[in-house]
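The same chain A turns up in both complexes below, where it pairs with chain B and then with chain C.
Moving on, here comes the complex of A and B:
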């Protein structure tokens, strides 16, 4: 394994961007082409300046906009919601509050345990890894690229999604 | 052409035809081979480019998530493309992120390389390089070479067979031609001898016929004359007329047989060649035929010739006699005689201002018994000019005539000088 030359959250910020690239939102869920795609963080922002650095990039033809949201209700207008580690205890609550809103939820979990989010970020040894919950993705009406699934350390909810 | 020369010529021809066929075929096959190589190589490059695009697309997330194992897995799918010898996925920093090595070790024809940027969204993540060898192309070219070689051998064999078949027919034709040449001369010789024999038999026959007819013709004319003289008073005028016709016919028949004998003799007696003073000869004949006084015959320059004097006298006699006969109606008749040298020959002419003839009958003038006028107009047997032609031809000369009705005629003959 190569040593990680970048910090953990710098890497995770890049991952968020990749997740957005390899996910498809339902028809009409994306903003107008000139409006930004909202990349939200619920809880304390662990990324530092790495998140704002993503704003120069584009996803599905739209630029990114990093936001900090205080509540799950406010997160319904987000396209991607990062649930920071300190908020994990409330994860079920947050996901339930989002309902069928097309929000790609990504939970930051230090240990590789499962969360109710669509994607769970964790560490695999010294490496950042992620697992995917297809049931949660289906509920949020999101489609994840098979290329993303192939890289996932675990895929759950396949039966439910079928 | 002797045997060995012909054989070596044939050998060279065979070699030449095989060589030209072979060169043409080799060029054509080489051209097709080059085209096959270029097309196959282009095809391979295109397929490799498609492969690179697919692998780059599949490998992009692995690079994005820095998943080396996944990247290696993606590259490992190249196992299904056995011509790929090597593939490398470079990260953004230019370092090799993952690589793959195929089973093959490269080919003599070299390799083709495809490069492809690896992108995800707007991010350039790195580069993919795929190298493929040309084993497949090598195998294809080898197969092509075998087919080309077989084609070449088959074509040359066919060419040699055709050549051999043709050569057999040509040789056959050549032999037939040589055989024909050999027999042709023999045939000509034997036919000529046969012909000469036939002609001399015919002449002997006509001579003996003429000779044997002469005595009865004389007898008829003689006895008819006696009958008329001794008993003419006792005969009615009708009988006298018939008697006159018998006498005339017998006399004419006698002349005919005489002339035929003469004609026959001119063809049979051997020539006695000597220099002849043609002017003196012509003058003597003219005096003999026209008399010494008031002769219409004008003799100009007449060069000498070489020939048989007796026969040439006969020529003058017949030509001058004819001229006198056909110009007797002219007022006054004029007959000119002359000659001049033309190269190795001398040409003589006898010109009159008499009845002349139509040029369309010029070809018939010299035939035996050919007459352009009736015996009532001008007496004669029609043998005189035939005798002239025969004598002149026996001397190696030619006769000709020109004229027009009522404007006289000119007869020409040539003799060696």
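Moving on, here comes the complex of A and C:
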């Protein structure tokens, strides 16, 4: 059977889940052993119910929790922050406001251009592709798995990360 | 929540499947359906409209009625007391929205005396607490039972985590309008999501035209459990001299008070099966003071009190390959459905009617993947109403993807409305009075609808639909020639056919546009054009970023002329404009709205209880709101 038609953001929600699986947060980013992993959206939530549907999943033995955050300051408590496309213009400002907070930033970009986020999610034709910025990952004290880097369409900031 | 049946759960289930795939496989998947739109409504077997929290803010929608005015095929009539929803040409004056089902987070909100869906300032939830509103047109009785005749409105509220702190709104505007809201929401480390909010509003467009409400919302969610409390009370002056009261004497007003309490338990029993158990309590109190000149001036009080318990169990399962099954059972017990009418001083009682009741229903729906590109959605519900014999309502929908970006849906279904306590038992003695009719039967509707949806690109959506419906045994108020008393009888019939077109476009800048037109022809059993039935409706809503975070939300709404009980009211176009600007400190926002910006003077048709045939609507109104986040 041909796969069911896939919605762009249903697919992107599955990507977020995989990004969380393939990343490691520094010790102390998740204090309590049963604390959930917060999956946040800054700006309009384009996922519809697909994001909340991730809440049945676990990553590194922790529950996922979907949140919508109003400001970058509020996002410091997130583990993964999805920066919705309409907020892209403010992406530098948002990433700057996060400072060294261990937040895996994922920017939603139409074309796969570079953004200040750790991961930039874009469309490559009708497929979803992503690029990674190791410098940004280092500043957030995150370790990305080699499998993630291998699948990325582009890896930037390798020198900076060394 | 049952609304998930329609659309949300399907998208959710698909997303769960996708996460089973390794990243390597995800990368090979092609995106075929467009989802720059907030919700993938394409799976629902109908032409669903979704209005999001962002739309509500951008357009400054104050009430549910404001939101519904922007939806294709809907029109709202206001008689300066209640707001009435017209759907696809059916908007008879004097109906308390009993032919649409209103859900709050998936739970029935229509009361158990008038079956009314409150959509004006009497609706008990602040629009700023809403995450999204879905309007699902067409028959919904195969899942929801009574009242889902023309459509289902589901109001989905925000979660505590969405607020992530405290929010406050203060507003002031013309017609002595003032409003305020204070909310707090968040999620604790332990995973308890809490949302608390209070709101208040007052306005006085005319000496007797006062309007004020107070609202409370509280919810706590933890793991599979959710407990929610909604309360609202609204008092409205009656400036029209309705029901023969003294038109210019103060003291005539109605108070409507709603309380809903809901406990829900939802959990997966297997990987592919979810069970939801839910217990709800509803309380509705209406009290109307009507000042009559006997002489002397006498205040007559008309009141009603409805209390009900509702228990529901539902299972959604994808355990069988190619099937998505939904099965449920619902039981409602009405502890009270009481109606009273009396004069305050000197005291004289005219009506003291106390009732109890119970009703129940079971339903089953299956969505079957016939082929990769063709699905059949079949549902049926059996109801045992309060009075009379059981009723069966089926619905059948075919959903076909002939091409990657195109969805065609064909829907045929039945729905019904059971007579309510007011129609069955309300009586007011004396000449020109009213009498009850306990022998009333249910009224039925049969609907056929075709929908075509085409995603030209991920940011451009086109939708076309055509419908036809027939209602029989329509409950309407007639005068019994034997005694001159008004009484409800199953004498009416109505039918309507029409078509609609909608275009929605989004730009990466954040700009968006939604425009729709609809045409319908609704007539009664004799072929006579229905009262308050516009033949053409057109709506346009645009949001444009102006730079620096400032946004403008503009709307144009057109309705063609409508027949009234005695004549006609002309068509009109009104424009609404809202400008929203961010303010320091971060998260603060100023919003200024001009409703009916061109100050168009237009009337709505009046119901039979009013002495006038047409009721003037608000001219230009200004409202400024300041929103703060802490």
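The criterion applied here is as follows: the second predicted complex is superposed on the first by the 157 of 162 C-alpha atoms of A that agree within 3 Å, B and C clash if a C-alpha of one lies under 4 Å from a C-alpha of the other, contacts with A are read in each partner's own complex, and residues count from 1 in each chain.
In this section, contacts are C-beta pairs under 8 Å (C-beta built on N, C-alpha and C of every residue); 3 or more make two chains touch, one makes a residue touch a chain.
Note that the structure is a prediction, hence the values are computed from the model and not measured.
Participant: Thinking of the overlay built on chain A, is A:59 touched by chain B (first), by chain C (second), by both, or by neither?
Facilitator: first
Participant: With the two structures laid over each other on chain A, which partner does A:69 touch: chain B (first), chain C (second), both, or neither?
Facilitator: So A:69 only meets chain C here.
Participant: Looking at chain A, does chain B or chain C touch a larger number of its residues?
Facilitator: C
Participant: Have a look at where A:13 lands relative to chain B and chain C in the superposition and call it first, second, both or neither.
Facilitator: A:13 sits against chain C, while chain B stays out of touch.
Participant: Just to be sure I read the superposition right, which of the two partners does A:98 touch: chain B = first, chain C = second, or both, or neither?
Facilitator: After superposing on A, A:98 lies clear of both chain B and chain C.
Participant: Looking at the overlay, what does A:80 touch: chain B (first), chain C (second), both, or neither?
Facilitator: It touches nothing on chain B or chain C.
Participant: Pick out the shared contact residues on chain A: the ones touching chain B in one complex and chain C in the other.
Facilitator: Looking at chain A, the two contact sets intersect at 1-2, 11, 14-15, 17-18, 22, 57, 127-128, 147-148, 151.
Participant: Give the list of chain A residues in touch with chain C in this complex.
Facilitator: Where chain A meets chain C, its residues are 1-11, 13-15, 17-18, 22, 31-32, 35-36, 44-46, 48-50, 52-54, 56-57, 63, 65-71, 73-74, 85-86, 110, 123, 126-129, 147-148, 151.
Participant: What part of chain B is in contact with chain A in the complex they form?
Facilitator: 57-58, 60-62, 64-68, 70, 120-123
Participant: Can you list the chain C residues touching chain A in their complex?
Facilitator: Per the stated touch rule, the residues are 4, 8-9, 11-16, 18-19, 21-24, 26-36, 38-40, 52, 54, 161-165, 187, 189, 191, 268, 369, 372-373, 401, 404, 458, 508-510, 586-587, 629.
Participant: Which part of chain A faces chain B closely enough to touch in the complex?
Facilitator: It is residues 1-2, 11, 14-15, 17-18, 21-22, 57-59, 127-128, 130, 145, 147-148, 150-151 of chain A that touch chain B.
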